[in-house]
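Report on the following structure.
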Amino acid sequence: MLVIMRDHASQAEIDHVVSLLHEAGAEAHLSHGEVKTIIGVIGEREVMYALDLEGLEGVEHVVRVLKPYKLVSRDFQAHDTVITVGTATVGGGAFAVIAGPCSIESEEQMMATARAVKAAGATMLRGGAYKPRTSPYAFQGMGLQGLKLLRAAGDDVGLPVVTEVLDVRDAETVAEWADVLQVGARNMQNFMMLDELGTLRRPILLKRGLSATIEEVLSAAEYVLKGGNRDVMLCERGIRTFETYTRNTLDLAAVAALKTLTHLPIIVDPSHATGRRELIAPMCRAAVATGADGVMVEVHIDPEHARCDGPQSLRPDEFEALVDDITPLVTLEGRTFGRA
Amino acid sequence: MLVIMRDHASQAEIDHVVSLLHEAGAEAHLSHGEVKTIIGVIGEREVMYALDLEGLEGVEHVVRVLKPYKLVSRDFQAHDTVITVGTATVGGGAFAVIAGPCSIESEEQMMATARAVKAAGATMLRGGAYKPRTSPYAFQGMGLQGLKLLRAAGDDVGLPVVTEVLDVRDAETVAEWADVLQVGARNMQNFMMLDELGTLRRPILLKRGLSATIEEVLSAAEYVLKGGNRDVMLCERGIRTFETYTRNTLDLAAVAALKTLTHLPIIVDPSHATGRRELIAPMCRAAVATGADGVMVEVHIDPEHARCDGPQSLRPDEFEALVDDITPLVTLEGRTFGRA
Amino acid sequence: MLVIMRDHASQAEIDHVVSLLHEAGAEAHLSHGEVKTIIGVIGEREVMYALDLEGLEGVEHVVRVLKPYKLVSRDFQAHDTVITVGTATVGGGAFAVIAGPCSIESEEQMMATARAVKAAGATMLRGGAYKPRTSPYAFQGMGLQGLKLLRAAGDDVGLPVVTEVLDVRDAETVAEWADVLQVGARNMQNFMMLDELGTLRRPILLKRGLSATIEEVLSAAEYVLKGGNRDVMLCERGIRTFETYTRNTLDLAAVAALKTLTHLPIIVDPSHATGRRELIAPMCRAAVATGADGVMVEVHIDPEHARCDGPQSLRPDEFEALVDDITPLVTLEGRTFGRA
Amino acid sequence: MLVIMRDHASQAEIDHVVSLLHEAGAEAHLSHGEVKTIIGVIGEREVMYALDLEGLEGVEHVVRVLKPYKLVSRDFQAHDTVITVGTATVGGGAFAVIAGPCSIESEEQMMATARAVKAAGATMLRGGAYKPRTSPYAFQGMGLQGLKLLRAAGDDVGLPVVTEVLDVRDAETVAEWADVLQVGARNMQNFMMLDELGTLRRPILLKRGLSATIEEVLSAAEYVLKGGNRDVMLCERGIRTFETYTRNTLDLAAVAALKTLTHLPIIVDPSHATGRRELIAPMCRAAVATGADGVMVEVHIDPEHARCDGPQSLRPDEFEALVDDITPLVTLEGRTFGRA
């Protein structure tokens, strides 16, 4: 941490900062320029993040050099985290294709979709049982009944299943029925849920919040790892910007940046990011070329009658074409699909 | 809802949309232009929000005319909601001044701050017992012990107390000890928590999410009202934009817009919005002039030793000057401070 | 400037940075921590901004402490700049009310509007002769003929006139006919135009770009002052964010921040910022309470037939009510309208 | 265009809108619902964009169905525009690799870089002679002398040259010395310059503004085509968002969307978009996979001594590796490098 003092800060102001640092157990290294003094601060992460020096007299601003996370960083673990769940693997060269409907609607819909995505080459099956909806008047999902349908469909076709935990109180129940627990964008900084998921023995798929910075995504993942659960996949699903043509703005440079900063696998969700069916294939290709470890795509046997996200859901034949489309790219990038 | 068909959409495509609408129980009104057909749709809010027509063949886009909320709107209730809690009133001409530390740190700090803000003219006392922090290595609050200190301080000075519910599992406990339950920006779309708070008999202070639109704020409040709890205050606390000089961008036009759209009281939090002590007074004045129903300000007896948000916390004497500063403006706007 | 080296940067890397700094004529002050070395750099603004060290081996990042501007800052000139133009004054306690139509459309429209805004209390008259329009198919303004109508209307009612320079080649012509030259948001970083305006003897009204930071606004103004023209007013007119309910997001905290950073007068334009007539009055009140030095408002005698920006234009009676509305606030803030 | 009336708008209000439409020469088609009337409007693009109905009594809002552009759209021209300039081709399957330094600094630097990028496989040479810089104290480019160096270097290696026009008054001069004229992000809505460039016989490379929507980019290009110049390439170079880890946010979904909306070639500039050398290769690969028609990359023989943008400039060997890296992807996408 660097404390940059205002021009011509007084000796008393400098001394005061230094004494506060010592009080807190940190070391201070002073560097005096003609008009400016800069204080380099060294200490434990816990100590540094408890210090709040920006309001002090004479302090211009504080630059944090230390990152707010540790366990998720490449500095802590250089090699890729590889997550194995049932028949599927992701990370370290294994590429995941996660597919299924936005929401689970019926046994028939779930079974038919599961068979179709399995046949087309999906490595995991997704489906929403608890749906976060902006309006309380929109369909909120089938709940536990949906979970059971998802489990049955996954078992039927031999694919591990991914579903969202919407309520921390349901985490254990969801963990009974699902293989991978998804944290939605709106809950990325629901720290209580992250703490709880850190205690479970299920891989977590953590979606980036709509206005979360790269540092905040990594800090959110740190909560889970700190709790003891090392199996976290991050998911880029678009950030909120001024552009309204697409539902959100897919930030693929963040994916490339995350690959350099963390050992955790990174998944890309072009369905939610763009909200437009015609953009899903190019964005899947781009995700592979960027170095992502997988894609997650909404597939519905009958998008016209989907209870949510119809416009961005692929039909099974479109999904099959998509997998065919990305296969040579996955190979070119030196990856293999993470299927048993 | 309007369904705008693509140029020269076929009769079959149009008929298909119309038949789906009838299936769902909605009425369709067609308007044919030379190149375009537009379908006006009329139906119940629940039906309309369950329909997802944007993916259909021949559909260009869908314009939702119906709002995703009802109970919170001025159309549903024209007069201002007035919330009374202990000695304090907010809304309908009563202006709230909510003050206190970012986090509760000790009995001494809490008591001294409570006395200072009461003396300076605060109408409610705030303090954080459960703190949402980006980094798991930062101070997370005193928890239940903090709640009890807040309660005691509020009772001592005769002010109702406001505190954040961070975990839906704690909602009832917090409701036992606090008068007003705050939902933080990161939890604005934690729909499970909103549902739970809808069942409680405590006023809610709902903060706007960092990237939440005006419509999303109102929809979040709708969850609480739909659950049966009509006492909701909204709080503008800055949105996330490209500008980094201030911590967030305070959106006062949203406050003015909300006053036209909803009957709920609107509070402004310039401390979190700006993150800079020197901007708090001008933004409080601007909030009053905009027509807000109150302000919420961080006050700490010793900002230099605050465990969070020191840079944006006012000292008691600064807070006193602030209340003096806004008093003539409050009067000019035809408001009175909401004190018993 | 601070150069923060990567953890355990080699001595050779550090020496290399230092030698580059010396080459450029800057001084380097080293501060060694256990894992990190930080290099404080001191030199002339011109030298510092010519240095680009971020790509060097061993450099983690560079923190610029020196601002990219000088003449516009309070450090350079502590007292408010006061601009006098004809009968109007702005800055240093004098509050400006700039009003008129978005575009000049006819002699009748311009004369009638000029008389109405003068009667209601405007201190300057605005009108657009050259209009920047997103679509080449939209009305582009009356050009020189419009300028002459504006001049005649200003002379008739005794108000100085403000109009936009859209093309650097027209700057001198516009300066012949108008008293204040406006630079639109889209041209805020048209540095060639800023250079040209720096050589003229007319006050400049410089609008903040849609995605310009506070630092960029000040740097743009620096171009004009560096050219020799000290009479610059800045204008906050909303920034582009994810919120679409309002046309842009009015950033009043930036106005308060600018008042601390620069001695130049700050004008607020709520018409373009909100794009909604019903939000103009509350945002004008908020601007006064924030400490702005003036407001700029679109007024049209017949908004329904306006050739641009009808929805956000006030009718003369609405404008009169607005001036009456803000008058007590202007007084409360210790300002007086800047009229001769 | 659709005019959506407020609930229960009066017949007089509806009649008034209709009469204004007829006055303007547009046709009105009414659709009456139980609570709402919707008016469909049909007319010429010029008429529609001159109408401003949103301020009218009884009007809730106006939905523009007609796009503000025509000549640039796929509806107007279905096949890809192919631009040939000297030895280079771009569009219609021909992939461009535009490389060179941010700014032209000396004959030696320019010649050496030109030879290096030609040898590595560049199809066009870029270099900045006029540099837009936030601070007036930063290096502003070599001007005409730089142009001549660029021309000589291009001729020496047999590559067409691309450079920015910063001042409309220089457009003709730049057109004498350069093959492709670049419009920078800050000038994307400098409509006077766009008009001027429409009259020249040089291909234009139009960069997306930092906060420009897809529709605004296309409308800006429309200005050039409307002037008679059909050879325009668009360039995605990152938009401004809240994320600060990268310099801007590269919007590849916009590239995919533009490919569906327009026949003009789309170039991607990952250097300015990310501002980080390590992200350039993955973003170039992603650009190819997205379907872009070319990439533009900053290359400098000695990034450490570059006078601008050092951190994001590749060394010649890194650039060579980059071209090798994307070659199989370009082939996989069915493209060939656009070299003579």
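By letter and in written order, the chains are A, B, C and D; residue numbering begins at 1 in each of them.
The definition used in the following text is that contacts are C-beta pairs under 8 Å (C-beta built on N, C-alpha and C of every residue); 3 or more make two chains touch, one makes a residue touch a chain.
Since the structure is predicted, the reported quantities are computational estimates derived from the model, not experimental observations.
Asks: On a CA-centroid basis, which chain has its centre farthest from chain B's?
Replies: The most distant chain relative to chain B turns out to be D.
Asks: Tally the contacting C-beta pairs at the A-C interface and at the A-D interface, and name the larger one.
Replies: Between the chain pairs A-C and A-D, A-D carries more contacts.
Asks: In whole angstrom, what separates the CA-based centres of chain A and chain C?
Replies: 39
Asks: From the mean C-alpha coordinate of chain C to that of chain D, what's the distance rounded to whole Å?
Replies: Roughly 26 Å, centre to centre.
Asks: How many angstrom lie between the centres of chain A and chain D, each centre taken as the mean Cα position?
Replies: Each chain reduced to its C-alpha mean, chain A and chain D end up 31 Å apart.
Asks: Can you pull out the residues of chain C that are in contact with at least two other chains?
Replies: If we look for residues of chain C contacting two or more partner chains, we find 211, 215, 240-242, 244.
Asks: Could you please specify the touching residues of chain A with respect to chain D in the complex?
Replies: 211, 213-215, 239, 241-246, 249-257, 259-260, 270, 273-274, 276, 278-279, 282-283, 285-291, 328-329, 332
Asks: For the complex, which residues does chain B have touching chain D?
Replies: Touching chain D: residues 2, 4, 29-36, 38, 40, 42, 60, 63, 65, 240-242, 244 of chain B.
Asks: Help me check something: in the complex, which residues belonging to chain C touch chain D?
Replies: Contacts found on chain C: 20, 45-46, 49-50, 52-56, 68-70, 132-139, 166-169, 186-187, 189-192, 209-211, 215-216, 219, 222-223, 226, 240, 277, 303-313.
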